[in-house]
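Heads up, the next two complexes both have subunit A, just with different partners, subunit B and then subunit C.
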Partner chain A sequence: MYPILLLPALILLFGVFGIPIVRYIWLSFHTSSVLTDLLPIPNNGANWIRLFSDSRFWQDAIQTFRFAISSVILEILIAISIAILLNQTFKNRGIVRTITLLPWALPTTIMALSWRWIFNTPYGPIEQILTLFHLNSINILSSPKIAWFATVIADVWKTTPFIALIILAGLQTIPEDLYEAFKLEGGNEFSAFQKITLPLLQPYIFLGLLFRFAQAFGVFDLIQIMTGGGPASTTESLSLYAYLNALRYLDFGYSSTIIIATFILMIIFSLFTWILIRQTKSLLSIR
Partner chain B sequence: MSLKLRNISWKIDKQWIIRDLNIDVKDGECLAILGPSGCGKSSTLRIIAGLEKANEGHVYIDNIDVTNTSPVDRKVGMVFQSYALFPHLSIAANLSLGLKIRGISRKEQEKRVSSILSIMQLDQYSDRLPSELSGGQRQRVALARALLREPSIYLLDEPMSNLDAQLREELRPELRRLVIYGEKPVLYVTHDQQEAMAMADRIAVLKNGNLEQIGTPEQLYKFPTSIFVASFIGRPQINILPVKKGLIKAIRPEHIQPKDEGIPAKVIHREWLGLNQIILLESSFGTLRMSCDPSVEIPSTLNIYWDAKNEHHFDAQTKKRIKN
Partner chain C sequence: MNNRKIVKGIKYSNFKYLLLTLILVIFNILGIKAQSKKAVEINFLMPAPFAESTKDLVKEFNQDKNNKINIKVTKGPLETESVSDLAISSLLLGDNSFDVILIDITWLPKYAAAGWLVSLDQFIEKGEWESLAPGARLGNSYENKIYRWPFVADMGLLYWRSDLMPEPPKTPEELIDISLKLKQAGKVKYGYVWQGRQYEGLICVFLEVLNAFGGGWINDSNEITLSNKKSIQAANWLKRLISSGVSPKSVTNFSETEALQAFKEGNAALMRNWPYAWAELQKESSAVKGKVSIANMIAKNNQVPVSTLGSWGFSVLQGSKNKSEAYRAIKYLTSTNSQKRLFLNNGYTPTRIDLFKDKELISNSPILAMLGKALSSAKPRPETPYYAQISNILQTQISAILTDNKPIDEAMKLAEIKTRQIISSSGQK
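Moving on to the complex of A and B:
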């Protein structure tokens, strides 16, 4: 009725989202580096031409997708199991629920340092266990083939509780009656999970999926601390690459180009996920 | 006898929910289980369905001991208070799900579902979701699901409590026609004494997990075996008179009449309801409810009277009926 009342919120949104985005788009069409004394000089889209032939950018894009998709899928699967466990009645359930949330409450820097230590060669616990059984050292964080998966494990460890919480909230909206009615009709527990729990959890799973994917796609701190993008840039994410361009190579123009490109990729992927969700929805419902 | 409960006792932790319950229900008979919330009436239903297991006692359906039988093999048609329809499935899918689980062919599923939908006058809703139906329609779907089960016994857990008062009265005859006039025993759990009297052939009144009294509505109304039953059955509520020499007398409101020579009383509140009028009186017996003909003019002070043969007498200690 009074659209003018929306103005303060809109001004705030424009201030924190609109201005930076417009500024970065503008900057991505300029050269602004040590060579120009950091002054933005128009370059007729040279940054964008460079981006399309920059194999490191595309390599990082693939790596970022790989990281985000693997960790989100693992998180959802583990979170569903945890949520089902936490939804049972048992002694000290409140305490157990709180403890489960702890990894999520831990600052990323601290937990990333801990995981770096866990994977440390030769002193970390994993290497110690391998030595105990006289197995060969894996050298996880220095191995280009598996280092990325170590970062996925750390990310899964940290954020699974968050999704578990969302799914637990979803589980609690499903009335017990439905399971009882299903039991009276002859259904067993496994088919109850498939035909009642999963379809009714769907909105919560998709919510977690979208939330977490957006977050994982922008991963920076975890990787910066655990591997610094190495070995041989195999764990480098797009955010890390943008950061390196801005603050190590002092090339703000190109860094802005990477940020905007990441932003576009993200929107494309979200749309894709959204379409996929709509497809699965009709697939899962039983007619 | 088609349903027999023998010495059923059930407890949660150390709290007895049901104590030594014995109930028989014949084929085609509707028994209402009536009582205040927490009296164990829903628990009784759940034990019969096999959703809970009694600590002691046995359940017989069609003279077969089903105490250790799984819920599905007991073949009960249950209507839940919430109806428990699957919110993500269409009405047709809700109804066919059980048939599908029990391995009935697709063709047969469709045949049975469409026939029950037309009996229930739900044909045009088969593709709707439960959330797109009204309360009364949802109740019919829940009933249809129970009927499709071809059960040995019907268990209805407060099937009307989610409906508004007017709809409830409209649906009573329909419910009786569809389920209760069948050949199977029907257990009807309710906390509404009026509904119990309207729907049931017999009523079992439960209090704190104990069977207080079982009998026809008329027996319960005319010969309540305890003060609890006397106060629970009949509206307006029976008048409990003050204790005198270890005796509690009670008198139904309709048995109190205005009379020239009688107990003096003062009107403190009146409700003219068309069918009757309910007068709240202050007298030497305390506050009394009187129900009388709506055409009678009631002055603000009057004398009242009741016939001693209409009194119910109870022992003040045990609260149980004394023969009179």
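Moving on to the complex of A and C:
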């Protein structure tokens, strides 16, 4: 009605998101490092050429996707079960709901340190349990093949409550009558879940999925604290690599290139997910 | 009615507090102004432990009105690299809030190349530099200019259990033999503990081993020698420590803390660590109190043992408005008297040569002579502004070797190629 009223919000958005993005794109076509006394000097896309042949960037990209996809899928699966549980009426439900939210409320730094301790060999509790049963120690955080999954576990532990909360909100919008009608028609609990709960929850699941994916794709603090990117750089995420380039190597041009490339990869992936979601949605409505 | 009374009461007391705060603020402002007329304020940024240990020295200095300098210490984070992040962020923003920062030896070339540091040559008087121990003089310059005054010397040491062996191992072979014997005899759980996590500490360990075998990273003429025979032997030995059971598999996730923990509990016969560990091992909580000695690093018979030099020192920042006062404050904190007290109270290895011959210190510390010896055999890491990059490359590959992620030859070759790429791209200035 009054598009002019949107202006303040638009200006704010442009200031907070637009300017930095434009600045990074501009910087990604410049060399700005100790070589140039930190002044930006145009380099005809040398950063981008370097990026395409930088095996470490692509290795980190694969690791970041692997981390994001597996943690988000696990989180959704667990969150649905938690949300359904929390939606039941039982004694002290309020307390249980609050406790469930606790991991999400903890600062990432603190919980990452705790997880580093839990997975620690030889002092961590997991190791102690293994020794108790005379099993071989598995050196979780120093095995390139499994260390990344340990970071996924920590992430799932922390952010599942967030999705559970969104899905719980979704569950509460489903009217009880639907289930009652379904029961009258002779449907059992399981098919009620399949035919009513899941389809009606879909928008909430997709919302959580997109939120969490964007967040997981930019993971930094958790990895930095739990493993520092090791062992053998197998847990290094794209954000960590961009950070190393900027603050440790003082190579701001290349760091901006990594950030913009990450941004582009994320947009492509989100579009892909969105198309996928639309297709499954239309499939469901046909059914 | 009752409620209303309470509300009123709160309001009144709020007002009282507000007034009190206001008065305090005004006094503060006046106070700061009065002070600034008398003394120049020099702001130091230091990692938290250093800010804590220098507290008394700073207090005494500030109380002496003749100094006309007021040292203010900003306590940085505990973790080394976070301090660098904080300093770099403030420097990039052109924020002039710090006059002096305490920096690690590996940051110096980067900071100097970025033009953030003031060359100290203009302040250093004749003979002053020579008052430093030769080992402590290393790693403070970039392109022949001095940018840093060393505050605490730090170098890798071999801690050994004097109750388990008559003398420490001197060669890589001896280390393995002694460790395995003690382990098989059931005297200890682990032979040798060190820092194997993928981080800077791993590089410090690896450099010492590299030198022990006569291998090298980058030599003075910028040649990279990571994949030559001797360097590969060094990597091979480090890996053998794990495969032969001399070191636990978990050593690949050890930093200084974990290594110290294992040694302190009496679980290990040998440990590689820095001088700070000595004081920790003398505490009542230590199971090995009185059973520990320190020694030089191991080396092949035909090689000189080398310790990795890791020291902290003060640099004056380009943005400081009072550079010569800043230098005077640095000189105070690194004076003979200050270093003496810091060694006695905190175990900070001195950087001044005369302190290694000081009778009081020698009688107080059984390890001072050994520290002096280790310092004289200490070697800095490659001094290039690209140090963080090349270190990260090597960290990744050594970590890959130790965790069975890559064969040794392949990893070392890759480290060499990638290091060469960084060095040669920096040469095209």
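Throughout what follows, the second predicted complex is superposed on the first by the 282 of 287 C-alpha atoms of A that agree within 3 Å, B and C clash if a C-alpha of one lies under 4 Å from a C-alpha of the other, contacts with A are read in each partner's own complex, and residues count from 1 in each chain.
We take it that a residue touches a chain if its C-beta (ideal position, glycine included) is under 8 Å from a C-beta of that chain, and two chains touch if they have at least 3 such contacts.
Quantities reported herein were computed from a predicted structural model and do not represent experimental measurements.
Aligning the two structures on subunit A places subunit B and subunit C side by side, free of any clash. Of the two partner chains, subunit C is the only one touched by A:Gly230; subunit B is not.
With both structures placed on the common chain, the touch criterion links A:Asn120 to subunit C but leaves subunit B unconnected. Once the two complexes are laid over each other on the shared chain, residue contacts for A:Lys91 go to neither subunit B nor subunit C.
Touching more residues of subunit A than its counterpart among subunit B and subunit C is C. When the two complexes are overlaid on their common chain A, residue A:Ile196 makes contact with subunit B while staying clear of subunit C. In the superposition on chain A, contact is made by A:Arg248 with subunit C only, not with subunit B.
By the touch criterion defined above, A:Ala181 reaches subunit B but does not reach subunit C. With both structures placed on the common chain, the touch criterion links A:His134 to neither subunit B nor subunit C.
Put simply, subunit B and subunit C get as close as 38 Å, counting only Cα atoms, in the superposed view. Residue overlap on subunit A between the subunit B contacts of one complex and the subunit C contacts of the other is empty.
Of all the residues in subunit A, the ones that touch subunit C in their complex are 34-35, 37-38, 120-123, 127, 137, 139, 141-144, 227-234, 244, 247-251. Across the interface of their complex, subunit A is touched by residues 49, 51, 71-72, 76, 78, 80-82, 84, 86-90, 93, 97-98, 101-102, 145, 149 of subunit B.
Listing the residues of subunit A that touch subunit B in their complex gives 175, 177-178, 180-187, 191, 195-196, 199-200, 285-287.
Those residues of subunit C whose C-beta lies close enough to touch subunit A in the complex are 81, 84-85, 88-89, 92, 110, 113-115, 196-199, 248-250, 252-253, 258, 261-262, 385-386, 388-389, 392, 395-397, 399-400, 402-406, 426, 429.
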